[in-house]
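In order of appearance the chains are A, B, C and D, and numbering begins at 1 in each one.
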Amino acid sequence: MTQKVRVGILGASGYGGSGLIERLERHPHVELAALASRQFEGQPLATCWPQFAGLFEHTFQDHESVVEACEVLFYATPHGATAPLVKLAIDAGKNVIDLSADFRLTQNEYETWYGQTHPHPELLPLARYGLTELHREELPGTQLVANPGCNASAASLALAPLAANGLLGENVIAHVATGVSGAGRAPSLPFHFTEVTENVKPYKVAGTHRHTAEIEATLGRAKASGKRLETHRRTAGPVVSFNPHLVPMTRGILATCYTRPEKNLLDSERLLGIYREYYRGDPLIIVQDELPQTKAVYGSDRTILSVRYDARSQIVVAFAALDNLGKGAAGQAVQNFNVVNDFEETLGLQLEGVWP
Amino acid sequence: MTQKVRVGILGASGYGGSGLIERLERHPHVELAALASRQFEGQPLATCWPQFAGLFEHTFQDHESVVEACEVLFYATPHGATAPLVKLAIDAGKNVIDLSADFRLTQNEYETWYGQTHPHPELLPLARYGLTELHREELPGTQLVANPGCNASAASLALAPLAANGLLGENVIAHVATGVSGAGRAPSLPFHFTEVTENVKPYKVAGTHRHTAEIEATLGRAKASGKRLETHRRTAGPVVSFNPHLVPMTRGILATCYTRPEKNLLDSERLLGIYREYYRGDPLIIVQDELPQTKAVYGSDRTILSVRYDARSQIVVAFAALDNLGKGAAGQAVQNFNVVNDFEETLGLQLEGVWP
Amino acid sequence: MTQKVRVGILGASGYGGSGLIERLERHPHVELAALASRQFEGQPLATCWPQFAGLFEHTFQDHESVVEACEVLFYATPHGATAPLVKLAIDAGKNVIDLSADFRLTQNEYETWYGQTHPHPELLPLARYGLTELHREELPGTQLVANPGCNASAASLALAPLAANGLLGENVIAHVATGVSGAGRAPSLPFHFTEVTENVKPYKVAGTHRHTAEIEATLGRAKASGKRLETHRRTAGPVVSFNPHLVPMTRGILATCYTRPEKNLLDSERLLGIYREYYRGDPLIIVQDELPQTKAVYGSDRTILSVRYDARSQIVVAFAALDNLGKGAAGQAVQNFNVVNDFEETLGLQLEGVWP
Amino acid sequence: MTQKVRVGILGASGYGGSGLIERLERHPHVELAALASRQFEGQPLATCWPQFAGLFEHTFQDHESVVEACEVLFYATPHGATAPLVKLAIDAGKNVIDLSADFRLTQNEYETWYGQTHPHPELLPLARYGLTELHREELPGTQLVANPGCNASAASLALAPLAANGLLGENVIAHVATGVSGAGRAPSLPFHFTEVTENVKPYKVAGTHRHTAEIEATLGRAKASGKRLETHRRTAGPVVSFNPHLVPMTRGILATCYTRPEKNLLDSERLLGIYREYYRGDPLIIVQDELPQTKAVYGSDRTILSVRYDARSQIVVAFAALDNLGKGAAGQAVQNFNVVNDFEETLGLQLEGVWP
C-alpha cells in the first residue's frame, strides 16, 4: 500500500480551501496534515466551516507551520500575495499546487495583465499550467503546478478542439455567465445577497478581464500542438474577446463561445464528432448532444461540453458548463495533484453532481 | 377632461395580463372595464392575483363579453390562438394591442419561423410593429399594434443605433440572459423551482429561436431608415445569431450583442455618443456609461443601454437591460396604447425600478 | 392647492432611504428637497441608486445642510447614532419621522434591551409610536414619530386583535421569517450571497432580540385599550418569545404567531371576524381567509393578515405578511407622515405588490 | 468479502429516486441492479438525470422486472399507490425500504389522516418505522421498513430528547421551514419558479398536515421508552401543532419546536447536555451550541440539533436542520438498509455538506 502523502492547504478559510479540504479528506493516499488561515488562526475548523462540524478535526495554523509539516502544499491565497509564499515552499523543497494566478502566465503577460511586477519570475520556468486534459503529459513530477482560472478553464475547454482543428476564426468571443462564489468569501457590496438576486451584471468586459491572457495562450498552443500542450510554448492564436457576466447563483460557469471559422459547410454533428475525438478517454469531460446546463455539474468536478453550428450566420457556438469551485478550482487542483503523483486521475474527486 | 377609454384584457390570468392590469388601473384616461381568462372565468380577480386583493374588483369573463364591453383590447394570449380572436375584435371595429407574435412578421416570415399557416394574413397590412421608439411616427391612429417579443425588444434596442450608423458587421451575435417569467405561468418541468435554481441553461440557440426574425427585420429597417421605421418595409440587414439562456431569476433580460464593424478605430466614448444621440428624447431609454444590470429595471418599463468597443478584437459589445414583463411586454403595450391615442407616452407606466 | 412640504432624508444611501426617495418623489404634497449620506456625500443620486438614473436629480449632502433646507426630516440612520441628530432637528423646530429604534421605547426599556444609556431621554415625551393603525388618533401634529421595527410591525399587527379581545394566553410565540434586506446594505459575511442561498438561519432567538420589547409594549396597550393606543401608557401584557429566522429572499416578513388562550371552543371563522372588525377601514390592512404569503406584498406597503384555530391543540395561529422595506420601513414612515399632516393616508404609497 | 446485494429502485425518476441512485451506486456492498419509472420506461438514465450522464448506465424498466431482478427494493413512489406494489414484492419474498407514507402509521391513524382505507393493513405488522436513531434496535432483519416523512424526521429528532426526559408540555408547536424539493418533481403552479422566489408561504397549518400523526406517535413512544422505541407501541404523548412553511430554496428543512415544560428553572446548557447524552454515538446526529442552519447539511445525510431555553417565557426552543432529500429521504433510507443488513451505518452516505 502507498504511504500517504502529507498535504497542507494555505488559504483554507476561503471557498477554494473548503473544496480542497472536502476532496483531500476523502483521498485514499492523502493525509491532510495542516491548514493555514490568517483570519482563523488558532480556531477550530468548524468555526469557519459548519458543514464539517464533528467530521474533521483541525485547528488553523500559520503559514510557516503548515509548510514545515507537509510535503505538498495547495495555495488558495490571493494573487500577488501568493508568489512570495510559494517561494518559501519551493526553497524548502516542497511541491506546490497553486490556485492563484501567479504562475499561469509568462512574466510579460503577467505584468501586462496584472499591472504589477512579477514578484518571483525566477520560479516561472518551474511552473506547469494545470489545465489537466491539455497538459497531462508534462505534469508528472512537476514541482509547481499553476492551476488555471475558473473562467479560463471553461472557455479553453470549450474552444480547444476548434483550435486544434483549425476551426477558429480570427476572433473568438467567450461569453461567460458565472456564479457568485467565484468572487470569494470576502463580503463586499456587489456580492451582497440583496444586490445579486434578480440581477445579471456584466463586468470587466471588452478586453479588460485578466483571464483573457490564459485563454489566448491556451488557444495558441492548441492551434499549434493539438492536445499535448507545453506550458512554455507560445504561438499566435486568435484574439479573444472575453466577457464575463455575474448571475444570481452560488456555483457554476456556463461559457458560450462564438467564432466564425474560414470554413463553412460545417454541421453540428461533425463538430460533436470532433469534440468526442479530442476528449476521448478524459474521465472528467463529457461531450453530449444536449446543451449543457450548470446544475448538472453542481458540486461536481466534471465539465460538460457541447457545440452547435449556426448555418445561417456560419458561426460555431461552443458551450462548457462546470462548477467554478470544482473543475474551476479545487477539483482540478486535486486532479493535477493526482497526475503529478501518478495516482488515478479521479481519486478524491466528485463525479456526479448534486441535483436538484 | 378626456373621457376615459374603455379597455379590456384577454389572457388576464397570465403574467402579461397582471402587468397590464397594474398599469391600466392607474392610467388616468383608462377605465379597465373587463378581463377575460378561460382558466379563471367566473372567478374574482384575487383568486388569480393575490397582490391585487382588496384593491381592484373584477370577475373574469369570457372573450366575447370582454370584446363587446370595450373599445380597446389588449391580447396577452398565446400565438396562433390569438389571430382568430383579434379578427373578431377588428371586425367589430375595436382597437387592438396584441402582445402575441401573430402580427409581428410578414406572412412568409411567420410561416417560416412558426411553422404554420398564418390564420389571418388579411389583417397583416393593418398591423404596425410596436417597438415604440423606432415606430413612433407610424403608430398614432393604428387599429392593430403588434407588440414586440421581449428578447427582440432588448436586442433591437441595443443594436439599432449601430445599424442606423453603418456599424454592424455582416453578422451579429445577440446573446441573451433571460428570467423565467418570460416562459409564462403554465407550470412545466424546465421552469419548476428546483430545476431552475443554480442553473444557467442555453435553449433554442444557433438560429432556432423565433425572435431572430423580428430582430433581423428591425435591423434591416434601421440600416435603411435610421430611426423612423416603417413596419412593412423590408431591407436586407445582417444575419443575427440569437442565443438565449435561461438564468435563475424571475424578471429581467440582459442582451449582450457582439458585432465586428468594417470600420475599426472606434472607441467606447464615440459609440456612447452615437447611442445618446439616437435615443435623445426617448423617455423610457437610458444610455449610460456604466454597464447595465437587470436589477436596475426590476418592475420598471425603462430600458438601460450601454456600449463598449473592444479594441483588441475590434468587436463592438452593446448591452440592453430591461424587465421582460415591463418594456418587454405590458409596459411597452401601454406605451404603444398611449402613442396610438396621443396620450403622454409614459402614462400608467412604472419608471423607477424596485431596488433591492 | 396645498403648498408642498419641503422634506429631507438622512441616511439616504441605505435601503430605508431608497424606499423613502421612491415614495416621496411621487407624493403630490412633497418636495423632496435634500438627501444626506455620509458615504456618498457630494455624489449624484444614481451612483448610489441605479434604479433612479435619469429620473430624479439629487446630490447627496451633509446632515446639517439637509436639516436646514427642510421642514420635515426622515431619519433612516443607525440606532444610537440617530438620537443626537434628531436632537439638532427638533431643536431647530423641524418635524421628524425616525426609522431608527431610538425613540420607540421608554428610557428603561431602551437601556435594558439596547444595553446603552439613552442619549436624549428628554426627547422621549415628544415621541409617538408610529404603528399607524393602532396609534392613528395621537399622531396628528406630532413633532417626533418613532417608526416601528419591521418585525415588531408584523408581529404586533398579527396579535393586536387577539390582545384587544382577551384572546392571548400567558405566553405568545412570535416566529418570524425575514428577508435579507432587513439587515441593511452594509456587506458582511452572514448576508453575502453565497452564504444566504439555500439557507434558513435562526438568529437572536429565545428572548434576545430587541424587537421583543416593542411587541410586548404594544400587546400590553392593546389588551388594555383595544385599538386607540397611547404611546406612553404601559400595561402588563403577555410575555413574548420572539424568534427570527433569516430566509433566502430579499424582501418580506412572514410572522407566524402562536398563543393558547384561556378560552377554547374557538374557531377560525370567528377569529377572522374579530380581525375584520378590528381592522375595518384601515386602507393598508387586508384580512383574508387564505393564508398570507410574502410575495403578495412584494414592493407594497400593505399588510396581509389571517388567522387559524388549531382545535386539536387549542392554539391560535395568527399570520402577518408584509414587505420589511414597505410597511416595515419606508411605507409606514410615509403613512405616518400623511397622518401627522392630515393628508390622505395612502398618498405616495404603493398598494399593489409586484408579482411575480 | 461480502457478496453484493442486488438492489432496485421504484420511482427512480423522482428526487427520492435520484438520491437513492447516488448513494447506492457508491455503496460498496450494493449492486444497483435495476431502476423503474413509469414516465421514463425504456429510456436511458441520463435523459432523466443529467448529473449522471456518462457515469452510470441504466435503462428504466417496468415495476415487475425490477422486483424480479432484485433482493431489496426501495420504493420512492406516491402514497396510496405504493402499498399494492409493496405487497407484490413482499409476497415474492423481497425486502423493502418504503419511502412513501403507506406503512408509517397504524391502520386507524392512516385512515384518519389520509382519508382513505388502507390498501394492505395485513402488512402493517411487518413494518418497522425507520427513524433510525430511535428504532435501531428493532430494525435488523426487518423485511419492511417504513421510512419517515422529512418533516416528521426533523421535528421528531428535535423533540425526542425532551420527550424522553419529561420536558414536553401539554402541547408542542413544530414550526417547519421547508425547501421546495420536498414537493417532488411534478410541475405545478405553487412550485413554479416565478411563484416561489421571494415568497414564504404557510400551508396545511393548524392541525391539517399528515406528518402530525408520525410526530405525535414518536413523541408518545419516546416519552414512555426513552430512546429504544418499538414501532407498534402507542402511548399518549403531547398534542402537536405542526405548521409547515414553504421557503424559496431547493433543499433543506429547519424545524423550530416550541414547548413549555412543567418544570422551569431550566437553562440552555443543561438542555444541550441532555441532547448530547441522548444522541451519544449516533454518527449522523450533531448536537451543537451554535444555532443550526440548513446550508450546513446541504447534500448531506446528517442532522444538526441545538436547543435554547427562553427564560423570560419559560419556553424551550428546539432546532433541527436536515436536508429533506438526505436524512429526510434517501439518506435515511440507505441508513436503514445498512442497519437492517448489519452493514456499517454510514456506508454509501454523504456526511459533509456542500458549502457554499
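Keep in mind that, in the parts below, a contact is a pair of C-beta atoms (placed from the backbone, for glycine too) under 8 Å apart; a residue touches a chain by one contact, two chains touch by 3 or more.
Here the structure is a predicted model, which is why all the values come from computation and not from measurement.
Undergrad: Quick check: more C-beta contact pairs in A-C or A-B?
TA: It is A-B, judged by the count of C-beta pairs in contact.
Undergrad: Would you indicate which option in A-C, B-C or A-D repeats the interface seen between B-D, with over half of the contact pairs matching by residue number?
TA: A-C
Undergrad: Roughly how far is chain B from chain C, going centre to centre by Cα mean, in whole Å?
TA: Each chain reduced to its C-alpha mean, chain B and chain C end up 37 Å apart.
Undergrad: Can you check how far apart chain A and chain B are, centre to centre, with Cα atoms defining each centre and the answer in Å?
TA: Their C-alpha centroids are separated by 39 Å.
Undergrad: List the centre-to-centre spacing of chain A and chain C in whole Å, with centres computed as mean CA coordinates.
TA: 47
Undergrad: Give the residues of chain C touching no fewer than two other chains, as numbers and ranges.
TA: Correct list: 15, 181, 185, 194-195, 197-198, 248-251, 293, 295, 298, 356.
Undergrad: For a test of understanding, state which residues of chain D touch chain B in their complex under the given definition.
TA: Interface residues on the chain D side: 15, 180-181, 185, 187-189, 191-198, 248-250.
Undergrad: Applying the document's contact rule, which stretches of chain D touch chain C when the two form their complex?
TA: Touching chain C: residues 171, 173, 175, 177, 179, 194-195, 197-203, 205-207, 239-241, 243, 245, 247-252, 254, 256, 258, 260, 268, 291-295, 298, 308-315, 317, 319, 321, 356 of chain D.
Undergrad: Quick check on the complex: what are the chain D residues that touch chain A?
TA: 15, 18, 22, 25, 49-56, 181, 185, 197-198, 250-251, 286, 288, 290, 293, 295-300, 302, 304, 325, 351-356
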